[in-house]
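Each of the next two complexes has chain A plus one more chain, namely chain B in the first and chain C in the second.
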Partner chain A sequence: MARAGLRKALAGWAGFGILMCLLPLVVSTGTLRIFIFANFLAMFAMSWDILSGRTGYISFGHPFLIGIAGYTTAMLTYHLDVSLMLSIPAAVIAAMLAGTLFFVPALRTRGTYFALVTLAFMELLYGLTQVVQPKLTGGTRGLSGLPAVVSGAVPNYYLSFLVMFVIGISLWLIVRTRIGTALSAIRMDEDAVKSTGLNTTKLKLFAFMVSAAVAGVAGALYVHYLGSIAPRGIFEVNFLFTILVAALLGGAETIIGPIIGAYFLTFLLEFLRPYIPGTGRYFIYGLVALVLYYYAPKGLYGILAALLGRLKPDRPGT
Partner chain B sequence: MGYIVVQGFLLSGLYALIAVGFTMIFSVGRVLNLAYGVYIMLGGYAYYFAAQVLGMPKTVAFLFAVLTGISFGVLTYLVLVKRLQHDPIAVEISTLILAVVMQSLVILVFSAAPKSMWPLIPGALHYEDLSITNNILLAMVVSWVVLGGLVLFVHKTHIGRAIRAVSMDRKGAIVSGIDPQRINLITWAISGALGAIAGVFLATYTQLTPDMWVAPLIIAVAVVIVGGIGSIIGSLVAAHIIGFMETITTTLITPELRGVFTMLLIITVLVAAPKGLFGKEDL
Partner chain C sequence: MTALLEARNLFKRFGGLAAVKHLSLHVDPGEALGLIGPNGAGKTTIFNLIMDELKPDSGEILFRDVDITRKPTHERVKQGIVRTYQVPRPFADMTVAANIRVGMMPDDLGSMMRHGPDLAREREIGLSVGFGDRELAMYPGELSMGDLRRLELARNLAADPKLLLLDEVFAGLTVAEIGQISDLLVAHKKQGLTYIIVSHDLRSLAPLVDRVIAISFGETIAEGSFSEVIENEAVQKAYLGN
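After this line comes the complex of A and B, so read on.
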């Protein structure tokens, strides 16, 4: 894209940021709390997108990275009363170390096999947190009463939104660089990228580290927002499903798409709450996701881009 | 010790049944069906509905479960997979979404509360200090009969040979006049049936819950990965490795750690020998 395009897109980001910052003036605290969840989901979905959407190494184990970060900060603050200023960075480092562990199978396996190993990682941690050292991890019930970073709906909204916004814009800028292009190329044909002399191992490692760092930040903040962590909530297939669907529905590989997807899904879920109780909502939610994925694999972002392209007939649509 | 041997063999038979239905689709269609666990869950619920809600005889209920599995397998293929099958990642993702959709549907219809199933044959066999329920014994007998029948079917019948032909060389099969779409459809139907049979026994062995598709799916994945994709012998051997490993962990250490060793095994095999023990496939 030309420089004018970049300027326009940055103006779009700024407009989005200002709009969302004004939001607490108009909406109720209840709605704001929904937005907080949407912001967290957006962070998780972007973390998935930078790794899986970009490089094509589909992760079915993102809750593993989130869980490592969440448990690290939860255990540090719960047992040792470590301050959040230390425990959250520690959680991010832990997530990145976990990310390198995640990276090992990516050296050997691709596609389907990689997705399955990541799923195995998630299930492994699910089993371990319940059995090994239940005194430390809280076992099946998990840990609760964790300290909050800030309290109240409005401060939490600003915190989650600002972090999400900063992550979003940074990732968006990263994927526009040549590294981003190279990562996309890995998805299309890894051997071809290798044959051009690029070090695909380093490139992949970069994507994994960025993804893990984002998952770490988001996971740690999420746990402190909730004030509790339990293996069932984190390592559940539904949680993985929500992250994956948010990214795919919004439009994988675009960074902006996962944000759209996360907002759309969170509000869809809230909208359905009065009609269908409990996890039954996932039926409608999944059905919508399935139909959209089937008919519009590029997601909401693709649909919006096509619509915008149609509005400006003098330019070929993107 | 005797308990471990008996229980290990019983569990392994069931695991082999679970895994073969899963690996068949992969070897024929080259796609992973992550909704496979759903056939297991639906089989269990269909049996429960027919036998314990409607009060039908057990054999009728069992047939109903198998038919449910077959229809759902066929539907998955026709509605969802057929159009996406050129893109394995898209199939994985959409079948995973489908699995969650079906889980939610079951929650809406039957509620999320676990249900206990009556054994197909009540009572137990006693031999010295060992006692084995008739139900799990039946599960093993049925598993082996079904697996044996499947091997015969695949080797002796025309359709079975066509299935093998497609899994070996799709283009060659087309050239010899085999319609791979039809073979795929048959495979999905068989897979649905195997899943449903396994589901009825798994549910009587443990409990009937809407999320009972996850664990068997992971078992199937583990068996197929350890045994090597596309190898029935490999699947049988791997099912016994995993079945015995889980039985030993459950009896000697703690039941909760059961899955942990299985996961470690998957990760180790995938990283150290991605082709598995008997696999010829290179992905």
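After this line comes the complex of A and C, so read on.
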């Protein structure tokens, strides 16, 4: 039964992949650019989900990991003319090192305290990038004129989608294994997991490293897509909340949910743009998020899965 | 015969209160040891110390003659010591079967990723504690207290224990449920399982133990067969006051 479920789900992934690959044939360049942002947001949200949605260690500092990767590749390419082939892997490694830094408080704190400590990490980096060595980081203005990986809307769309797709399917396959079950169990009762003989430190470190690696890949590519990086764009509460809302709205702990959430949220914001310019839009999305959490705490994924009558096969418990 | 588990001179203080005072105990392989005492005597604290859920201020714990005093919880579990909790702690958003699955997991990320769960073994463990296929697919929130205690036992048995620490496994159960759990313990004891059981339900405890230790204010006050300990004057005083 499990195999049939897997085959069906993989067919779903394949269908999604093919559909999205055909997209540039039918939509305008402008719409494609919105999709590019949605793809990046999906990567950030999945990175958050594998750590926070799974293990319950709620990170309010994901922009810290993204920022470390972004600044690493930005500074390497801007100052030293390092090739992207080297600077992006370096950025991923830097993000993973930052992830271990992130992991230290997780050994001692849980819940709200962990969230606040990670938030402090983000704020710290916000300050540091502006005042320490502004020559290197570009200070408040940041760095611009960064090289692009590919140019044009269509190539950028394919790049962002394919990376997002590969990350999505990999994470989804990982959480389907017993590791996913064990990480979920940590969210429910970490001490009880220890008392089944599992080293929760090892399991959490795994989740942190995977999350940091995904944040690193996505952060580095994002910065080169934008061609610039500045502290305000990244270490900002709005950016943090967009990631969180995308993951929660779509359905945390599911990997697929954050993708749905990211697409939904990006297009919601775009749709609202002509009516409510400026940051007033965030008020509307907050409202939508509130209504959804209240009536559908499992997110859009939960609604879709219930509609398709296949909620159970993807939950950790079956 | 060397003891399976030996605690030497354990001492644990919480602020001004010494919960466990220079307490020593041992349990032999295949033995069933009862731990009794009034509320607050330190019984659960002893379990917490044995599992490294609390660190002793002084004293040593040996398992199969190896000092495990500094080993973390999961290492102790891997060696074969597992416990139940007074208030059952199931993984709430997982089915009964998945709860058992977590208990069976090897502590090895590679193996967890490469190999799927052993569904047949999962079911076998579930059936052994009296669950049917219907219960295996249920969530803990849908279970009675008796079922929750059985689930915890199943999760413990999944870890292939050598020594089981049972903390008030009869609390909140009906007479029938107590009977089921007792039968289960007797059956596993016959197969060589060693256990230490804490219970306030002395009547249910009596047939399940080979030896009893009575504790009051963190100290051993009597030790011997069930009837000897129950008859002991200090024990009666501790339970009933003067």
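Brief remarks follow.
Methods note: the second predicted complex is superposed on the first by the 308 of 318 C-alpha atoms of A that agree within 3 Å, B and C clash if a C-alpha of one lies under 4 Å from a C-alpha of the other, contacts with A are read in each partner's own complex, and residues count from 1 in each chain.
Here is the rule we use: a residue touches a chain if its C-beta (ideal position, glycine included) is under 8 Å from a C-beta of that chain, and two chains touch if they have at least 3 such contacts.
Just so you know, these numbers come straight off a predicted model, no measurement behind them.
Three-chain overlay on chain A, with chain B and chain C fitting side by side and no clash. Judged by the touch definition given at the top, the superposed model places A:Leu203 against chain C, while chain B stays out of reach.
When both complexes are overlaid on chain A, the residue A:Phe121 reaches chain B alone and has no touch with chain C. By the touch criterion defined above, A:Arg281 lies against chain B but remains apart from chain C after alignment on the C-alpha atoms of chain A. After superposition on the shared chain, chain A has more residues touched by B, the comparison being chain B against chain C. Look at A:Asp191: by the touch rule set out above, it reaches chain C but stays clear of chain B.
In the superposition on chain A, no contact is made by A:Trp13 with either chain B or chain C. Across the overlaid pair of complexes, the angle with its corner at the CA centre of chain A and arms to chain B and chain C is 80°, in steps of 10. In the overlay built on the shared chain, the residue A:Arg178 is in contact with chain C alone; chain B does not reach it. Annotation: superposed on chain A, chain B and chain C show a minimal Cα-Cα gap of 12 Å. On chain A, the surface touched by chain B in one complex and the surface touched by chain C in the other have no residue in common. Taken together, the chain B residues at the contact with chain A in this complex read 32, 80, 83-84, 88-90, 92-94, 96-101, 103-105, 107-108, 112, 211, 214, 218, 221-222, 225, 254, 256-260, 263-264, 266-267, 270-271, 274, 283. Considering their complex, residues 51, 53, 72-74, 77-78, 82-83, 85, 89-95, 97-98, 101-103, 105, 107, 109, 112-117, 137, 139, 155, 158-159 of chain C touch chain A. Across the complex, chain C is touched by residues 2, 174, 177-179, 181-182, 184-185, 188-189, 191-200, 202-203, 206, 315-318 of chain A. Chain A contributes residues 56, 58, 60, 104-105, 108-113, 115-117, 119-121, 123-124, 126-128, 130-131, 237-238, 241, 244-245, 248, 276, 278-283, 285-287, 289-290, 293-294, 297 to its touches with chain B in the complex.
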